[in-house]
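Look for subunit A in each of the two complexes below; its partner is subunit B in the first and subunit C in the second.
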Partner chain A sequence: MSGAGDREAVFPTRQSLGVMKAKLKGAETGHSLLKRKSEALTKRFREITRRIDEAKRKMGRVMQIASLSLAEVTYAVGGNIGYQIQESAKSARFRIRARQENVSGVLLPAFEAYLTEGNNDFAMTGLGKGGQQVQRCRETYARAVEALVELASLQTAFVILDEVIKVVNRRVNAIEHVIIPRTENTIKYINSELDELDREEFYRLKKVASKKQRDTAATDAEVKSKKDRLAALEEETGSNGPADLLAAEEDEDVIF
Partner chain B sequence: MEGLLFNVNNGYIEGIVRGYRNGLLTGTNYANMTQCETIDDLKLQLGPAYGDFLASLPPNPSTSSLAAKATDKLVSEFRYVRANAVGSLARFMDYVTYGYMIDNVALLITGTLHERDTRELLERCHPLGWFETMPVLCVATNIEELYNSVLIETPLAPYFKGSLSHQDLDELNIEIVRNTLYKNYLEDFYRFVNSHPDMAGTPTAEVMSELLEFEADRRAINITLNSFGTELSKADRKKLYPNFGRLYPEGTLMLSRADDFEGVRLAVEGVADYKAFFDAAGLGGGPAGPGNLAGGAGPEGRSLEDMFYQKEMEIAKSAFTRQFTYAIVYAWVKLREQEIRNITWIAECIAQKQKERINNYISVF
Partner chain C sequence: MASQADYRDRQFLAVIGDEDSVTGLLLAGIGHVTPPPDNQKNFLVVDAKTDTAAIEAAFDRFTSERKDIGIVLINQHVADRIRNRIDTYTQAFPAVLEIPSKDHPYDPEKDSVLRRVRRLFGE
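== the complex of A and B ==
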């Protein structure tokens, strides 16, 4: 029977059949839309993965150069200048701005780094010796931080996209494997129920018709037998009752 | 004449310092060190020279702890020598520590300015610049108190007096304060070695003059080069140049007017040594990158700072050719400092596996 599969609890009526058919159509449209979204996101996701790989490699290189330049500073200045640097830095020179990027309806944060102009808090550090190295080290680290910012925005996008893709895929699968089969089942069930009803109806009608026929036949037979009886009676009366003038048998011709 | 009575007071010290000098790492040691693959190997190579001090380090120590231990050795040796020094040599050695003291005081000023707990800073101070009354400076909570206690408690008072007021500490960049102090210190030291009856006219005065003049010139050149592109005005810059040295007065005057690398090059034209450095640096790094360790990475492309260090080490090395002089103490400290820098550099290169520039150290023995 069609009700074996999972189906929705509806009364098998023509109206709910219409509702179900609309639902199925909606589910199919939704499925194809979500499928496309998921594909778009996956495409983006792959791209981001590739860029993360690149950014990480770049970061490795840049950080290596940066830490070597820090070693250079230590060498040139001949001591630890960390404290001076920390204390003389007043406001951030390297800042980031957060933007939002829309990928198929998913808002991805993107960080954008920029340098504030004319902000050189420790330009004088290492004035006596090693100033050049300090400045260069700062530039190198600015580049390193840039790479980090890029990586950070990619990583955030990666996490968010991952989540969204999972949700979308879950929906696609839910629609594909649960909602559509269930709706189809329901439709099938409703159809079969309706057919059943139809058949019953038909049978009933046939039954009624045949009954009617039989009744008619009976009535006919009765009428006929009544008539027959009447005719027989008539015959009886004609032979020994008053003669019918009109219905007389041939009169003998009168000859004058 | 100076040799007649020198050994009465200072013979022992001279012997000790010459012994220490022989303990400095040689070119062969450095060559061995550059072959090391890990910090542990390096530690092993340093064993003969630094054994006792490195023993307490954990396996594969960080470069900074390695450098700290190496500095510890210098400090303990210096303290030993200082404890045995008498008379004018003791004062001379105090003068040597003033340079470090300036750095420490500058550190404390920075801390006070930013209202930090200066007691924490005491650990970061250079041990050679430690003076007994330094913790007293931490009591000061504002700049004026600090200024007064510096004046009263430290030997640096003469360097503050007259050139810096307590408002200056507040308003001027700490680097300008530091360099002003250093300038005063160098001038004072120079005067001291040339006027003290025990030293004037002796090899000490001669050698120390050469070393201090070189230091003064180097500072003047570096300050000029590093001040390009900063808010340091030319007049302020001029105040930071020490009033002696081979560049003084014409060279320093020209330096104070220099606007770019080329201007500095013209200013030092008069001194053959520096001219040679600038020519080499000009070829190697170009005007954009004087003191460029990264730019001219080739074997010949040494930076200006490298060449200055090299020159300083050579002067310090030649100081040991003289007899009966205090200058060997100063020279030994400088050589040892360079050695620590070299070790740090090599250790850093090994730790970061960037062996291509490992030979950037300076070895004179």
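== the complex of A and C ==
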């Protein structure tokens, strides 16, 4: 990847380099956590789909048995009881309740069937004849509905898990393919800019050093030439060398 | 996604189906009529004469209007008549469940959820 790739708009300073490095580390941790979550959910999801498949098949069988027992009722009662039943239905005896189950932080609802006590809308159904068949039919259908409720809770879990897995996978992919590369790019960019600055600084220092050296050399040369000139001048004026104090001519007497 | 309060009070099942299925399920005790004044039933009997609009209206009432229904049971051949509605229905609550009827054997290929299962696993 080139330095011109996608990166965040930051100033290339050491501080933002530190921030970016922390961010990269965070993104990597988050990625691995989310990945694990997604795997756990997918495992659960596969289990649920398998159970749905089984439950659907079971439902087919159970419903077949139930409709057979209804046919028995129709035969025994000797007429269609559908209308009577539809009219006498008042209050549900068979109700459901929702529970929650926690799978890796996802709340999955599960339905639970229960029977309310003490209301029976169909006390009169089959009173004349076929009461036994009606009773049996009710039990069969109650079992069928229980199977249906179980299937419904599986299906609800399926729908919710499907949604959640999609979201989690989207996050995993976003971190893997967008955030991490971009942060890495930014780090690369900051590093290259900092190197560039380092090189510039180094070059500048070298330049300054060489200038200084040149200046010193020039001053040295000047001093040296001055000294030389002075020496030459001295040589010219007094070639007798330094005056000997003792050998000097007599001083005049000092009178106080 | 469903909020917590959304499914706490969902305690009934609803049925849309032919007369035999509805009768059987009512016998099991799922039938419920809300107290007057509105007298809403939680079941709908569909026969050849029922028009599709009525089925759709009932489906909408059970799935979106009423907040006390947790599961909607619908006969598969009835579901076929409003297949488009069923396939585009994606909410978790209430759960829509296609059930076989006496005259129409169950076909897993048509079930919207099973089709999704198949698609996900590439079968």
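Methods note: the second predicted complex is superposed on the first by the 234 of 256 C-alpha atoms of A that agree within 3 Å, B and C clash if a C-alpha of one lies under 4 Å from a C-alpha of the other, contacts with A are read in each partner's own complex, and residues count from 1 in each chain.
Assume a contact is a pair of C-beta atoms (placed from the backbone, for glycine too) under 8 Å apart; a residue touches a chain by one contact, two chains touch by 3 or more.
A quick note: this is a predicted structure, and the numbers were derived from the prediction, not measured.
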Please indicate which partner A:R136 is in contact with in the superposed arrangement: first for subunit B, second for subunit C, both, or neither. first
I'd like to know which partner A:L24 touches here: subunit B for first, subunit C for second, both or neither. neither
Would you check which partner chain A:S67 touches, where first means subunit B only, second means subunit C only, and both and neither mean what they say? both
Looking at the overlay, does A:I160 come into contact with subunit B only (first), subunit C only (second), both, or neither? second
After the superposition on A, what does A:Y75 contact: first (subunit B), second (subunit C), both or neither? first
Which chain, subunit B or subunit C, ends up touching more residues of subunit A in the combined arrangement? C
Enumerate the residues of subunit A that count as touching subunit B in its complex and touching subunit C in the other. 64, 67, 71, 80, 125
Touching residues on subunit A, where the partner in the complex is subunit B: 64, 67-69, 71-72, 74-76, 78-80, 83-84, 87-88, 120, 123-133, 136
Subunit B residues within the subunit A interface of the complex: 63-64, 67, 103, 106-107, 110-111, 113-114, 116, 121, 124, 126, 173-176, 178-179, 182, 218-219, 222-223, 225-227, 229-232, 240, 289-294, 303, 305, 337, 341, 344-345, 348-349, 352, 354, 357, 360
Mind listing the subunit C positions that touch subunit A in their complex? 1-2, 4, 7-8, 10-13, 19-33, 41-43, 45, 70-71, 73, 90-93, 95, 97, 99-102, 105-106, 108, 111, 113-114, 116-117, 120-121
Contact set on subunit A toward subunit C in their complex: 49, 52-53, 56, 59-60, 63-64, 66-67, 70-71, 80-82, 85-86, 89-98, 100, 107, 109, 111, 115, 121-122, 125, 134, 137-138, 141-142, 144-145, 148-149, 151-153, 155-156, 158-160, 162-164
